[in-house]
Structures are given as C-alpha cells and as structure tokens.
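The following pair of complexes shares a single chain, subunit A, combined with subunit B in the former and subunit C in the latter.
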Partner chain A sequence: MTGSRTAYRKRLLQARRHPLQTLLSLVILAVIAWVIWSTATWLFFGAKWSVVTENLPLFAVGSYPENERWRPCLWLGLLCLMTAITLLQPLVSVRWRISGLALSWCWLAMLPIGLLLLAGGAGLQTVSSRDWGGLTLTVLLTCFSGLLALPLGILLALGRRSKLTLPRHLCRLYIDGMRAVPLIAVLFFGQLLLPLFLPVGIEINRVLRAVVAFALFAAAYIAEDVRGGLQAIPGTQLEAAAALGLGPWQIQQLVVLPQALRVAVPALTNQAIGLLQNTSLMAILGLVELLGISRSLLANPAYIGRHLETYIWLAGLYWLVCTAMALMARQLERQGPSASTSAIPS
Partner chain B sequence: MKRKRLRWLEIVLAGLVLTLVGILVNNLAVNLIRTELGLSFKWLWQPAGFALSEHTLPYQPGDSTAWALLVSWLNSLRVIACSIVLATVLGVGAGAARRSLNPLLRQLAGLYVGLIRQIPLLLQLLFWYFVAFLGLPSEPMAPVGTLVSLSNQGIAILGLNLSVEFSAVLVGLSVFTGAAIAEVVRGGLDSVPKGQWEAFRSLGIGETLGMRKVVLPQALPAILPALSSQYLNLAKNSTLAIAVGFADLYAVSDTAITQTGRAIEGFLILLLSFLALNLLINGGMQVLNRIVVRPAQRT
Partner chain C sequence: MTIAVRAESITKTFNGSQKALDQVNLSVNHGEVLVVMGPSGSGKSTLIRTFNGLEAIDAGQLEIVGIPLDTDQDERQIRRIRRRVGMVFQQFNLFPHLSILDNITLAPIRVRKINKANAEERAHGLLAQMGIADQALKYPSELSGGQQQRVAIARALAMDPELMLFDEPTSALDPERVKEVLDAMRRLAADGMTMIVVTHELGFAREVADRVLFMDAGRVVELTDSSTFFTQAKEERSRRFLNQMAH
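This part shows the complex of A and B:
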C-alpha cells in the first residue's frame, strides 16, 4: 500500500517536473480514447459483417467440393488442436507433458496427413489442387515451402562456409542473387518460366510450382540465418570434435548443426512468419489463398464496398496465426531437445 | 593425399553443376523452338500500345516498349525514394519513442511495431488504397487551408499533385518499413551503453539534445548497415504496387510480357533493372556511411 503510494507520489513529482511530458501523455491519451471510441462504434454499429459471416467456409477452404469440405476442415482442426496442445504444455502437470521431440514429430506428421486429406487417394476421392484455397492453402503453402527450404538453406549455409572454392562461390552467388530479387519476380518465374526449363511433357501443378518458388526464395534467407548460427560456434568446438576422431560430416551433424540451429531459432521463426505473410503474394499470381479468395469475394456485386470489413477480418486471421507461430516457436525453443542431449548418440 | 581428394570432389561437383545447367538450358532451347518463340529483343523498339497511368517523362502508347519500361523504372525510383524518406522519419521516431521516458509513448510505439509486423504488406497496401484513399470524398477537402487538398482523385500538397495509387504505395510502404526501421533503431540505441544515457541526463542535457548529440552518433554505426538492408527490402517490396495499379517497374514489365509473350527476355530486363536499382541504393548508403560514420569515429 505504502509502496504504491510512494510510487504515485514519485509520478506526481515527475509530472510536475516535466510539464511537456505530461502534456504529451494527455494528448496521446485523448487520441487513444478517440480512436478506441470511433473504432468500437464502427465495429459494432457501422460495419456490415455479412461478407465475413456468410462466407466462412470460403475463407477456410476456398472452392473445395462441398461434400468433401470436412477434409480440409479436419486438417485445420487438427492443426488447431496441435497448437493448443503445444501452447498449453507449460500449464499442465509434469506427468501429462509430452516431450519436445515427440511434439516435433507430431507436427511433422501433420504435413503428410494434410496432403493426404486435401489431395485424396487411399480411399478418399481425389480433389485437384485447382480447387484448394482459403486458409487451408495458405497454411499448406507455408508448411511445405518451409519444410523444403530448411534443409536447402542449411546446405547453402554449409556450402558458403566450405573450404572448397567452387561450392563456396556457387552458394554465395545463389544466396546474394536470390536476396537481391523481389519475391514476386521469383514467384512469377515459378509460375510462368519454370515450365520452360522442364523437359517436354512434364508438367507440375500450380500449387507445387508456387511451393518450389517459395522454397527457393526462402532458402537463401534461411541460409543467412543459419550462417549466423554457425558463426556463433567457436572454432575450438571443431578442433575438439576433430581431436575426438569425428569425421567432417559427423562434426557438422553431431556438434556444429545442433548448436547452430538452436542459436538460429529466433531468426528462423521470423522467416517462417514472413513466409506465411508472403504467401499472400500468390493472390497477385492467381491462387485463391486467403487474400486471393477475399479479392474474388470483393469483386462479387453483393459485397461491393465491403473492403474494410474483409481486410480487418483478414488482418485478424493473419495476426492470430502469426502470433500462434511465434508463441509456439518460443515454446519449442524452451522445451525442445537440448543441444547436449541431441548431440550425444545414445 | 587429403588435398588431392578435395580437388577430385571439386571437379566432380563442377561436372554435376555444369550438367544441371546444360540440361536446363537444353530444355529451355527445346521449349523455345517448340513454341516457335526463340529469343529476340526486337519487341523493345516496337510501339508499346498500352497507356501508363502516370509518367514523369512524356509518354504515349505509341512510344516504344523500352521507353515505357524506362518511364516505369523512374516511377519505381520516385516512389522508393519518397518512401525511404518517410519510412526513415517514421522509423526513427517510433524507435526513439520506444526508448523514451514517457511510458505511454513507449507503449504506443510498441503497439505500432507489433501490429504492423504481423500483417502482410500486401493486405496493408490494399487497405491503404481501397479503404483509406479511395474512401476519401470525391469533392476535394482541405483540412489545413490551401496547403493540402485530399480527394479520391488525388492528393495535392503545396501544389504537388500525387495520384491516389502513388499515395497508397507511398504510405503503405513507409508505414510497413517504418516498423522494421523502428526495430533497427531500437537495437542501435540499445547497443549504446546505459551509462551514456545516465551521463548526459545527469549533466542536465535535455532528452532531445542528448539523443541527437550523445546517443545517436554512437548508435549510428550499428544502425546504418541494418538500415540499408531495410531500404533494399523496401525497394523489393515496392513491386507489390502492381496490386493497387501503380505503373511501377514490375507492373509494366508484366504488362509488356503479357502483350508480347516474351517472358524470358522480359524477365531478364526486369532483373537487370532491379540490379540497377539495388546498386543505386547500395551506392547511396555507402556514401552516407562514409559521411556519417567517419566523423563519428574520428571524435
């Protein structure tokens, strides 16, 4: 009680000593109050949310066949469940806690499950990738390009630090070149030019082309992040590992990479979030992911002028997914297999 | 012995890379011959045939495609240069606010950075264009006398006329990059030892003056490299202007490619133009680096 009172008195004293600061605070408070008031009145009375509420299935799964919609919905549900399980880990008692390794494997398993559910096969009716869309497609693009880009990025980072001249220069050329080009140009390349570089008769579908383009682009950025992690490993570690008689591959695999990747996790998380946001660029190139489906919705005469409602809804969705990703990455980082246990083969 | 093995490894690798490139080029050649396209740059000198919504140099649809590309390159350069200035102002302001004495200001800047960085830039651009600028009344309104006039036909500041598309791209890019720059600035300010802040405050030097004379000169060497990479990001992100119909380099290249069907050549030119832009920004930043960092280190 006395503590808070002294703090209050201190504040008051500060306020008297800094009249300008106090004035500034008051102005900011007034602006904030006005913004909150006008936003709230608009949100509850001005906005017409029908464009969102009537099209929730479209936002979730796009133009997926109606009686098969449960499949992408099931996948999204599974992902939400996994997210909840991951985020609730520190809250449950130790006995019910799942190890970080098992959790990582569960997350990895989500990818083939998602592909199976979306594409069909094995008893499920096949659905062409042309019909995929909405949040499902956004998540799918992010997951698969990330999965492809990570090993590629690690290889590039190792190559850039290699003792061999040729791979070092090639990797540097690739990384620097890719980082100088805007993503939309790479995606354009993937959609329109990639088929020209493939043998006659081989065609890959648009979603896969987008995944490849995203992965090629993201790999260059991931490589730089991993390189930062690699640089954090002191050279004495390499010498110690070599003195123990480990071969060059063993050194990288058992000593350097586990530590370097741990250092790089925060940067890699940012890359993953960036990747998710960047999938929205496919809307320009004609895929109906989250932003693409909204663009086609807004072109519908029934929803003319409903831009603000749609964009706020989308911003909320993106914000939610990005925040969940950031929180989970922090979780896995804290809980994941520590460098010491994963480096020692049992 | 070991060196010899490495040499062999390198030769094998070179062979593999050469084979891969050979296969790709061969595929390309086969595909170009099959579609009877071939490679040619003659289309550059033929009339473009499309109008540009805005141009700084005189341009008509009858002018050559090369001229259209040059005009669009200048459009890109214009919006990038203006955005860099605005984003820097925003970013430095927000970054400094996050380390200010006023807790409210700190929170507000944190909110700005946190919110903007979690929403895709493309969505933000669409918001600025369709909601903020096209949502303006069609009759010009002038909030501060004749200095500024706003309408959904365009913005006029001190007699300077800006199109709605340009303004949307400018504001969208600046707000987005400003948030990133704020983080860079905050990191730079944090790299200055805390004792320096306490020292100038105990000497009775005001916040603004101390920031300008004591902290910033020491933070700049840490800020500038990251800042220049943010500028390059801004330049790359400016290609999203196509979504709001601004006639920038990428949008016009895209139109030219669709009209002529010359995808490979158009893409090459796009890459080269971008290289030129990057070199320009890099060069500018190096000059700035030399001007700013050198005297700071000398003292």
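This part shows the complex of A and C:
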C-alpha cells in the first residue's frame, strides 16, 4: 500500500515538473472517455435495434420456408454445441474428456448432417438451395469449401515438391495462376460465366458452384501454407522412416504430413478465417448469406437508415464466429507434443 | 556361415569429384560384429548408408542379406532390404509426433502388417530389454538423449532385422549417457545379432568387435581382427589414428 502511495506521490511530483505532458495525458483521457460515453449512449439509447431483434430468424436462416426453419436452426445449434464441447475440453476433468479423434469425427459428421437438414430428403421435405441463407449459408459455404480445399491444397503442396517434373510444374502453374487472380473474378466466373459455357439444360446448383470456386481459390493459398510446414520437417525424418521400410506414400502420410500440418495450423487458421470473411463476397453475386440478407433488409422501407445498427450487429456476429474458430485452432495447436521439440537431440 | 553383406569394389562420388568411397571390398558374415573406424570424412557413414540404400553407389556390386543392390536403385529391392536391415542414427531421428510405443510399432504394423496387439506386446518387450519399460507412453521430447537412442534401437529391432547398422550411435550423447547405449549394444551383440557399427568408442570396439575396418579417404586401409588391430596394426595410418584417439 505504502509502495503504491509513494509511487503515486512520485508521479504527482513529476506532473508538476512536466506540465505539458500532464496536460496532454488529460486531453487524451478526456477524448477516450468521450468516445466511450458517446458510443455507449448510442448503443443503449440512440440505436434502434428493432432491425436486428425483429429479424433474428432471417439473419439465422434467410428465406428458408417458415415451417421448416427448425432444420437449419437445429444445425446451427448442433454446431454451437460442438464448439462449446470442444472449447470446454481442457476445463473438464479427464474422465469426461472426449478423445481428439472422436471429436474430429463428430465435427466431420456435422457436414453431411447439415447438408441433409438443409436440403431435405430421407423423410424431410426438400428445400431448394435458392431458399438457403443467412448465417447458415455463410457457415455452410465456409465449412464445405474449407473441407474441399484442404485435401486439394495438401495434394498441390506435395505435387510442388514432387521429384517428377510434370506434376511439379503443373502444381506450380496452378498455385501461381490462382494467386494472381482476385477472388471476385473466380467467383464471377463460377456464378455468371460458367452457366454460359455449359450446354443448355445442364444446370449446376449455385451454392455448389460457389463452394467449388472458393475451394479452388483457397486451395492455392493452403498449398503454400502446407508447403511451409513440409519444409520445416528435417530430411532426417524421411531417412528414418525410409530406413524402416515404409513406402513413399506411407512416409508422407504417417511421418511427414502429421508434423507438417501441425506446423501449418496457425497459417491454416488464418486461411479458414479469411475464407469465412470472403464468403461475404457472395452477397454481390446474389446469394443471401449473412451480408446478403442484411443488404436486402436495409432495402426494406421499414428499416431505412438503419445501416449502423445492422453492420455493427454483423461485425459482432463475424467476430464471434472467428473467435470461436481461432480458439479451437489454438486448442488444436496445444494438442500432442509441441512442434518445436523435433528430432533435435537434448 | 552365410554372408550378410558383400561389397565388391563399390565406389561413390560426391559432387562429381570427391570420392567418398573408392573401390571398397568387404564381406560380413551373419553373427559377426564389425566396427568401422576412421577420421571424419573418411567415408564410414557413407559406406553403411549404402547398405540400406540411403546412398546410391556409382559403381560396383552390393549384396545385402542375400538381395543384390546395383548402381541403378530398384525401389522394390531397396524396400525388401530395409525390411530386414535395421538402422540407428547419430541423431536418433525418432518421430516427435508419436509416442514411444507408436514410434516402435509404426513399421511393424504398416510394413510387416502385424496386428496392433502383437506389435505392442513386442514393443513392450523390447523396451524392457532396453531398460526403459516405463517410458512407453511418453513422447520423444520427454526423454533424455540416451533413452531416445535406446528407443531408436528398439524401433529398429521391432522389425526383427537380420543386420543392424549403427551410424555413430553415441556421438550426439552426453558422456554420462554413452554407457547406457553401449551396454544395450553389448547385450545385442552377445545375443548374436549381426552388427556393423561406425563409432569412435575404442573400448567398445576392443571388447565387442570381431573385426575392425579402418578407412581413410574413402578407401579400406585395414580390415583385421579387433585384437590384431589394437595391438599390432599393420598400417602406419591406423597406428597414427589409434595414437591420436588414445590421447
């Protein structure tokens, strides 16, 4: 107590000696206080949140048929549950802990479950993908294109390091080519040009086209991240695996990739979060995902001028999903022995 | 007595000019322990790395555990050899992402297709033999260097090899950890394992080796009984090396 008091006195003395600094500090403090005050008053009293509160179902599921809304909501709920279970793993006692493998399978199972719930079939009424929307569509686009892009990216990364000339050059060409094209161009191609090239009568689902376009684009970036991870694995690991009689594919699958992917997890998390944010570009191309549904709401005369409220709400939603993803990725990094303790002798 | 390794005038050149192996002839019988010695850069490691195809030879003939290995390396032949020849490296090279148990059972399960339970039982037995039975569920980074090297030996033994290659197995260890690894190797030799050991440990060589191969500049300088080598080496170069090592 006396320590802090003497420190306080010292500061006061210093304040007398440096009046200009003290004044500056006070001004800055005042500005910060004013910003916080005005933001808070606007948030709690000025803002009209009716645009958000009255349209929560729309934000969640878009224009999904009203009496079938429970299906996408159930899926979102399951995803929230899985997220909570995953994030709570380190906190619960060992007895209640689920193995990492089981957890991964549960997460993987979420994708077909989501597709079944949304599209229908197997006893459920089918719902056209035209009616999908909102947060559900955003998450769906992210999950499926991510799941498609990861193996593709790994194959590209392996191909780029191949000893064979042709695959190596093809992979390089693809990666460099894809990275040179802006995402919006790839999406435009998929949404607007591709249907023109296809013969009449053949129509590919719009959501599927978007997923494929995102996956093809993200794969190029993922490939480079994975390649970085692959380069971090010392050649002695390959030698040790080869000396045991493992074949070239087994060496990659059992020894190199598990280590390389762990090294690449931070970079891959970056890609996943980028992918989530990038799905908002589909709003320009007419899919009513999270941003798309907000734009159409703002076009409604009842909510004219409610931009700030809507976009703050959107930012909050994106922030929440991104944070959940980042936290889960950090947990993934912590699993198993740390990557830094490689084969270096003690 | 059957022959484990036969090398006929094998030659290996690095970067076009530098000869790592120059017309090396050698034959090692089953059950024999051969120690390879020589100054650094003499080609000792390169020599034993050609025996399991980690280095390709440029000329000559190799026959390892009865399987021929020519200058044009056939992947399948090499893998057949590697299944039957174990190798222990200077830097252990354990797989850091796998537990000790998984390190040992990986190849038996994936290469020899042994079922998991049997492979694990054998792994526990090998760990006990190496004196580290209680470390099975740890990860390599949690073990000392000497323990890691003993795991590496167990990992190689799990494939039931006919021939074990040791590439300076104690060079990366703290002096007080060297003994535990050498003791494990001594026991292995006593059990009749065919071993080719590149090492600078004179005591181990004197005590365990049947023969000593002394190399310099990629050539075989001397190949003789270990007792002869340590008491009355023929070549001036070997005597000079032994003298330097003794001081």
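In this section, the second predicted complex is superposed on the first by the 300 of 346 C-alpha atoms of A that agree within 3 Å, B and C clash if a C-alpha of one lies under 4 Å from a C-alpha of the other, contacts with A are read in each partner's own complex, and residues count from 1 in each chain.
By our rule, a residue touches a chain if its C-beta (ideal position, glycine included) is under 8 Å from a C-beta of that chain, and two chains touch if they have at least 3 such contacts.
Please read all numbers here as calculations on a predicted model, not as lab measurements.
S.K.: Under the stated touch criterion, which partner chain does A:61 make contact with: subunit B (first), subunit C (second), both, or neither?
M.R.: neither
S.K.: Applying the document's definition of touch, where does A:21 land relative to subunit B and subunit C: first, second, both, or neither?
M.R.: Touch status of A:21: first partner only.
S.K.: Thinking of the overlay built on chain A, is A:219 touched by subunit B (first), by subunit C (second), by both, or by neither?
M.R.: Touch partners of A:219: none, neither subunit B nor subunit C.
S.K.: Which partner, subunit B or subunit C, is in contact with more residues of subunit A?
M.R.: It is B that touches the greater number of subunit A residues.
S.K.: Is A:182 contacted by the first partner subunit B, the second partner subunit C, both or neither?
M.R.: first
S.K.: Touching A:247 in the superposition: subunit B (first), subunit C (second), both, neither?
M.R.: Second partner only, subunit C.
S.K.: For A:322, using the defined touch cut-off, is the partner it touches subunit B, subunit C, both, or neither? Pick first, second, both or neither.
M.R.: A:322 contacts subunit B only, not subunit C.
S.K.: Hey, what residues of subunit A end up touching subunit B and subunit C alike?
M.R.: Subunit A residues touching both partners: none found.
S.K.: List the residues on subunit A that touch subunit C in their complex, please.
M.R.: So the residues of subunit A touching subunit C come out as 236-237, 239-247, 250, 254-255, 258-259, 262, 336-339, 341-346.
S.K.: Report the residues of subunit B in contact with subunit A in the complex, numbered from low to high.
M.R.: 6, 9-10, 13-14, 17, 24, 27-28, 30-32, 34, 101-102, 104-105, 108, 115, 118-123, 126-127, 130-131, 135, 232, 236-237, 239-240, 242-243, 250, 254, 257, 263-264, 267, 270-271, 274-275, 278
S.K.: Contact residues on subunit C for subunit A in the complex?
M.R.: 52, 54, 79, 82-83, 85-87, 89, 91-97, 106-107, 110-111, 139-142, 144-145, 148, 155-156, 159, 172-173
S.K.: Could you please specify the touching residues of subunit A with respect to subunit B in the complex?
M.R.: 18, 21, 24-25, 28-29, 32, 163-167, 170, 180-185, 188-189, 192-193, 195-200, 273, 277-278, 280-281, 283-284, 291, 307-308, 311, 314-315, 318-319, 322-323
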